[in-house]
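Listed below are the structures to be examined.
Two complexes follow with chain A in common, the first pairing it with chain B and the second with chain C.
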Partner chain A sequence: MNVITSIKLYIEKMCSESGPGMKTMLLDKETTSIISMAFAQSDMLQREVFLFERIDSGRSNERMKYLKCIVFIRPTKQNVQLLAQELRSPKYGSYFLYFSNIIPRTDIKFLAECDESESVREVKELYADYLAVNPNLFSLNIPTCMQRLNWLPDALTRSVHGVVSVLLSLKLNPVIRYRSGSTVAQTLAKQIFEQITKESSLFDFRTHENGAAPPLLLILDRRDDPVTPLLHQWTYQAMVHELLSIRNNRVDLSGIQGIPKDYKELVLSGDQDEFYGKNMYANFGEIGSTIKGLMEEFQRKAKDQKKVESIADMKNFIETYPQFKKMSGTVQKHLCIMGELSSLTTKRNLFEVSELEQEIACRAEHSQQLQRIKKIIGDERTSINDVIKLVALYALRYERHANCDTSGLLQMIKSRGGQTHIIPSLIEYAGTHMRQGELFNLVRIAGAIKLTRNFIIGLKGVENVFTQHTPLLKETLEEVFKGRELDSMYPAINSELVPFRRPPQEVVVFMVGGATYEEALAVHQLNNAGYRVILGGTYIHNSTSFIDEVLAATENMQFKHTKSMLRHYASSDNY
Partner chain B sequence: MSSRNLSEVFNIMRNNASKNRNLYSDDRNGTDAELLLKRSIHDAEEGLELRDDYGAQPAWIDKLEEAQYTMSKIKPKLDELGSLQARSLLRPAFDESQEDEVEMEKLSQEIAKLITSTHRHVQCIRYSLGEGGKLQQRLTANVVTYIMLSLQELTLKFRYSQNSYLKQLNSREERSQKFFDDFANVPPGGERDNYVDSFDNFLQPASTNRSNYFQDDDEDEAKQNELDQHFQRPMANRMTEQQLLLFEEENTRLALNRDEEVSKIVKSIYDLNDIFKDLGQMVQEQGTVLDRIDYSIEQTQTRVSEGVRQLQKAEMYQRKNRKMCAILVLAGITLFLLILLIITKL
Partner chain C sequence: MSNPFGDFDDDGEILEGFICPICREDLKSLEFLISHFERLHPEEDDLKTTFREIFSKAKKKIKSNFEETFDLSRNNASISSRGSSTASNAIAKETSNARSRMNCFNFMDYQEVGKEQQHMEYFQSMRNPRLERYASETNKLIIRLHKLLKDMPIDAVLRKQHEQNIVPWLDGSSVKLCPNCAKSFNITRRKHHCRLCGSIMCHDCSKFLSIEVALELASLTMAHSESLKSENDKTASTNPQQNALRTCDHCLWLLETRQEMHESRTSRPPIIQIYNDIQQLRKNVKPDIEMYLKIINSLYDGESIFTLNDASALRGKIGQVAEAIDILSKRILAIPCEPGTREESLKKSVRLSCIQLIKENMLALPVLPKEDEIRQIQERKRMETEMRIATERRQAMEAYEKYGLEAAASGHSLRTDDYAQGMDLHSIDNWTAHQIRNDDLVQSDDPLVEQINIIKGYIKQARQDLNFEVVETLEINLRELQKEFYERQRSLSRTANTPNGDNSPPSQEAGATIYK
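Here is the complex of A and B:
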């Protein structure tokens, strides 16, 4: 259950099947990202793939018959058309076609008719149709998947393909459960189920012979937990994503002053960068001390490097030089990032803001928190975006509270020149009417155990005020692994597979509306505890991208649940 | 990791399609002969096209193959060397192991030679970096990177194995040193000799070399000692003139030898320097954005679009020029005609 490895295996298969000799690779936009997340260019060079080209953009028409061409594309209509064009006038000696998903037979026929010169050697479906971010996290890179709170058709098909390919690459034929009451989750679950039944020969894995419970595919809705993406994060990977934003494992620092030229754009891949791989789940303080250790080691080595007096030293130098160079690259890279993170933290007053965010998310003390929010809004150091996030959290938490003063806060934001329309959109997107389950631990009789637990936590005090919040996903997964009754909240679509009160061994979670790195951390912890979970989402969100998605999803909509709020600030517009 | 093979389906469909095509064209163009004629012309064209430099292989392809071949030869040699070293380390150092040592020396020399020859191949490929179209240039650059990377790996492995072997050998020798009386009266210059010793190893990684030199040095020192003793002895016991001359000759021979070695050393240091310069660069790129596939594709795309823009600009300039030309020519003609008019009228 490691998504990076399975993508790597697929790519290795492609390279080895075409035999020795120089190769080129023809990719489309998405497969380019898929491959680059798994392999560095030097890795691919080792496999004799020397050229990379995009099928869908300006290509030169140099002919290179001495090259073998590995085509790895998604089986979309447009790609098939382009490939047919390429096959009609082949530029390369032979072609090896690999489709990242199930391709209709009609397309195969069309391509076969176009291949007049018979240069195609191999046609295969290899199900590497998702971006593997961490070993237990995949993304489909769909920044906005909804419109008017329903699926965008393209996003829906892409999600079906993505999830099906994950299942195929991990060889899982799962029980599909979806969040009841969420139309998006249900539609997706249905379509995935249809796809599985249609291609039942592909999903014929002999795994349940030993009586183990079948794996579980759990389709969740982001709207159950809108809080997690809004919170400020303090673990390394999540923090970098929140403050600097990671796109396909790349961090763009070009907008920041004082960054050396070579570090304008950085790669953060746990697979290629050992330091990052070890520390991406460590929190900010720990990273600080680890980097200090790394720094000291580096300085010691640098001192060793400096004294080249005798031939023996020279010899040593040459031997350790490549390693040294590599280390210096790593040190400098992470120092750049850490420097930027800490300067942003102080500049935006993030410690205070984050503490309050966590308090709102985890504890109910309305009047005190309201006072603190007002104080922070008044503070000039806090950026307007952080303020909006705070108010958004407040509005979500106290939506039904008797003294809820969201409109007042909205006016304060307005006076600071912020965009207030975000908050009603968010409530419309993920207000109480949408949510299910107890996101904020509201007191209920069923939550008696939870109440005691909270009480105990309250007595003990929290370890770290910045990381009190645990995502809802963790609770859900714990319940799944405990073998609790799931049918009421997460009905199964293919219930004939459901075993009697046995928890599944392997779980794939797919979050419609995007996952977050905080949830990836939760999944990582569960995996360390011996469970086998993989998390995926339409996108990996930070607060900015999440707000963008919310705005896109609620655009041109009739707002039903926030009329009072709207009325209020519409009237304030009139003033 | 499941997959589905569609090659057979594809092949069947392709065959069907070609059959259909032939049938269809049969119906349309009456005679077979005509068809045959057409075909052969078409084929000829294809053949010509292939012969043209249009799709010809770049010249360095055989160099790449040679480099790959030499590198593939290095690998088993490295393994062999490793096992030899392990064996000789396990055995106590009696002089009987001479044979092994000779073999080891030969092997490591061969490996070093192979590495340098691969390096030469890379240089050859590098000379043709600017040739051909854009795509081919990129191809060449990537091929160079590939060879350098694999070479780097091999070199590092080689150096590492040599080094660890040497270290182990040295530590063992140190341990055994106490047991040999001969070593007790090594003069203070011994340190310097050790020094040269590592020097030799550094260049010609054969460890046996080292011990050979060591023996040479020993002899040398022994003779020196003898010589010193000789002068301290009373006159009657001294050696004859002839013997002294012999000594001197021996010394010059040794000095010459050493001189040669040193010059060899210097040369190989230069080589090594070059190699490592390249390698250092390679390592630096790994793990940065330069090593990303999507980045390199983006880069070429921006370059392509920039090229298009520049072409457009150039076209514009050219057109402008043509206009200018026309204007000038016309102006010239008008002037000429004006003058003609004036002349004829006068």
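Here is the complex of A and C:
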């Protein structure tokens, strides 16, 4: 199970089915991202796709009848209309229509009636309707999916489509379980189930012949674990996303001073960049030393390149130049990123902040932690955003603690000029009243930490204080694979498929409210241990985007659980 | 860069062996390590117990390994890596971040293409009736057009008659309004007829199909358009209405669509032609590149199927194709077009893809090994083979020694037989090597030798033609033949030398390796 491979296979299918010859691709906004995350433009060139065009913006009227046109769009009403226009006055010689999801027959009929010059050669549904971020991670790119703690209708439809297409592209007909008590998870599960029932012929995969347990689709709610997206991350991919933010595999460095022109926007794709692929889950310290090794190798090679004395040297130079060039690009790119990460780390005092974050997430020592938070708030080096996150963690952690002093901390934030309404919003969004399961399971975590701590002293870098926290998802999945009884916490919607006490072979997790790269790492570790898990979410969050989502989800609603923080509400409308 | 995860530079290397976790001394054996540990580090009591545990585990593992190979002394199994990290792994089984450094992106277990759903049939069933109706209508129009154009009188009155003869005009008496724009007919807005379908419209709604285009359209179905054209050339006048046919909107649209479809199917602008040439070259050179890589690998492996000359000849050929592609793609770029158009970006993309192809697949080929390098590799390979044979032989002997007692009881001396075997092989080797030098001249009466010679001839020819796939299969054939030849010679000589040489298990294997 690899979502990147799924998307690639679909795109390759489009390219090969349209036969040899020069091709252009007609895409919409979303399919453009889907393709660009799976293939670099150079890869598409090698597949004879030379031009790309967006169906929904700024099209020229140039006719190029000698080109084949691969149309790959989402089957939305608007896209169908635009495509109908195109077919009425075709600009290209022939058209191959691929829809990224299930398209109503009436729309096909409508399009067929528009194709008066008989230029359509193929009409197909290929279910590449999600962004494949890592082999085990997909996103639907919905930054905010909720409004007043319920689904935004568009986001719900998109999520149903996205998850259904993931299932179809991996050929899974799963048992659907959702987090009980979460209406958003339940609504999504229901609609996905309805869609599967409606299109039962599509989902007829005949995989249960060997008696294996059917795959599992587990729909979770971000609000069960609001801690993970708030923590600082120290593994490469997660850290880059947290500090510099990754959008569609791209990192925007244009706002940073002293960045060379070619490195304003960097592509981080493990598929195209071997270094990144190998090190995306490695921690900051490890990457530091790896990149040093890479530098040394590069310098050695550069030295070799310099001494061009004989014809043989010259020939050698020409022959190895392309690899050399490629390597220098990789080194430069990651040096740029690492340089930026480490300067931010020092500037924002992140080591200290992160250590405390991990402590709050994993250990209950209220008074001591409160003191440390106050000390950090007083430290000028820590940015106000980091302070807010710390207080947010504290508020979530000690919401029901007798001596909880969230108000006092909020007052301190206010005096530093920070926005305090985030904290009550977060508690409304994902406070104790919303959560299920043991997010702060003291006994378990404390025990594990005691052990690791003791060993950290003697060992450098293996495990450390900055990566103590493991996301709740990991535990949930371990339970699933152990074959634990799930019905009470994760009821199944199509229970007739549920096998008797057998853990599933394949699991697709979908997180309403967004997944994180830390969770992707946990899934990666499980996959390395031989399980087959794919994680997806409405979005891939870092702390900033998560806070935005929380604010959007709680906007304009009445707060019930945070009366004590009354004066920190966003505006008087809430009241 | 400040690094909270510890400095990797000094302890990054992984030490192997029986290493003391505290002073990092390699102590060569388990007994030494434990005594060293007890002597020098008595204070770390708890650690000691853990190490005992680890080692007892390791011991078990090693033991099981030993049982498999039944060779205690030579197995150099080692307890890996820094002792301290072993300890932590054994006790704290917490999985660390990114423990496996495998690139998860290269990890591609086979995956089939996901589900798809076909809609073309339905699409066609919806599209076809409509298209068929249009097609038959268009065909009718073209036939009429042809009839109209054929023997068209020049005189206006006669022409009108001619037109009405072919297409009956609609009776206009009951039509009060133009069906197209719904304006009433009167003195100034007169009724007109479509010359192709006979329907009525006003002048403003009329379209005109020029005779030239009409001729072209008609010639789609009829061959003798040339004569028509020459006739009509004389009739060409300046009046556009005279030089054109009045038609209605619908008829003209049908004809234009037909015309356009025809054009788009037949048009082959220069860019397409050059592009197809490039694709052809690309397709042709692909097996060459694969072959080249194969040859290079085989050379580096010390095999002698291919020679260095083969590789450099092929490389030259690939280089030539690269150059040809480069020239062709430049020619595409040189086709004139308006700046800023999509055509221009298309040409740039094509050129870019060619450059990319040349750079990555054709110029970045691995370098040829040097002549003496190959010799070294082959020498080493030979040595390795000899070593292997030697060890195999020794192992076999050891095995015999082990079971020798039982064998001795049965009164059959395998050992001497084995020695005899070795001697025997040796002599055959010498003798046949000599044989091969002469067999071109002398042994041509043997059909096998004859076959060998023929194949050698073929190989020479295939080399000249740079057809390396053939070279490869032939070389393999040749080898098989030669092997067969040797086997026969040997069995001949063996039946002469040792009459009871049937029970000699390792000889088969040893014999095969010698000829490599």
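To be clear about the criterion, the second predicted complex is superposed on the first by the 544 of 575 C-alpha atoms of A that agree within 3 Å, B and C clash if a C-alpha of one lies under 4 Å from a C-alpha of the other, contacts with A are read in each partner's own complex, and residues count from 1 in each chain.
The criterion applied here is as follows: a contact is a pair of C-beta atoms (placed from the backbone, for glycine too) under 8 Å apart; a residue touches a chain by one contact, two chains touch by 3 or more.
Model, not experiment: these values are computed from the prediction.
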item	value
Chain A as common anchor, with chain B and chain C clashing or fitting	clash
First, second, both or neither for A:F466, with chain B first and chain C second	second
Which superposed partner A:S342 touches (first chain B, second chain C, both, neither)	second
First (chain B), second (chain C), both or neither touched by A:R250	first
First, second, both or neither for A:V533, with chain B first and chain C second	neither
Contacts of A:F351 with chain B and chain C, given as first, second, both or neither	second
First (chain B), second (chain C), both or neither touched by A:K65	both
Contacts of A:F284 with chain B and chain C, given as first, second, both or neither	second
Touching partner for A:A185 - first (chain B), second (chain C), both, neither	neither
Which partner, chain B or chain C, touches more chain A residues	C
Touched partner set for A:F39, first chain B, second chain C, both or neither	first
Single chain C stretch clashing with chain B - from 77-85, 347-355, 401-409 or 419-427	347-355
Set of chain A residues, in rising order, touched by both chain B and chain C	6, 9-10, 13, 22, 24, 42, 45-46, 48, 50-51, 53, 60, 62, 64-67, 102-103, 105, 108-109, 111-113, 115-116, 118, 120-127, 168-169, 171, 202, 205, 318-319, 322
Residues on chain A engaged by chain B in the complex (per definition of touch)	6, 9-10, 13, 22, 24, 27, 32-33, 35-36, 39-42, 44-46, 48, 50-54, 57-58, 60, 62-67, 97, 102-103, 105, 108-109, 111-113, 115-116, 118, 120-127, 168-169, 171, 202, 205, 248, 250, 262, 265-267, 272-273, 310-312, 314-315, 318-319, 321-322, 325-326, 329-330, 333
Of all residues in chain B, those that touch chain A in their complex	1-7, 9-11, 13-14, 16-18, 21, 50, 54-55, 57, 61, 64, 132-136, 138-139, 142-143, 145-146, 149-150, 152, 156, 159-160, 163, 195, 198-199, 202, 272, 276, 279-280, 282-297, 301, 304-305, 308
Contact footprint of chain A on chain C as seen in their complex	1-9, 11-12, 84-85, 88, 91-92, 94-109, 111-120, 122-124, 126-127, 130-131, 134, 257, 260-261, 263-265, 267-269, 271-272, 275, 279, 341-343, 345-346, 349-350, 352-353, 356-357, 359-360, 363-365, 367
Of chain A, residues touching chain C in the complex	1-2, 4-6, 9-10, 13, 20, 22, 24, 42, 45-46, 48, 50-51, 53, 60, 62, 64-67, 93, 102-103, 105, 108-109, 111-113, 115-118, 120-128, 134-136, 168-171, 202, 205, 235, 270-271, 274, 277-286, 288-289, 292, 316, 318-320, 322-323, 338, 342, 345-346, 351, 448, 451-452, 455, 458-464, 466-467, 521, 524-525, 527-529
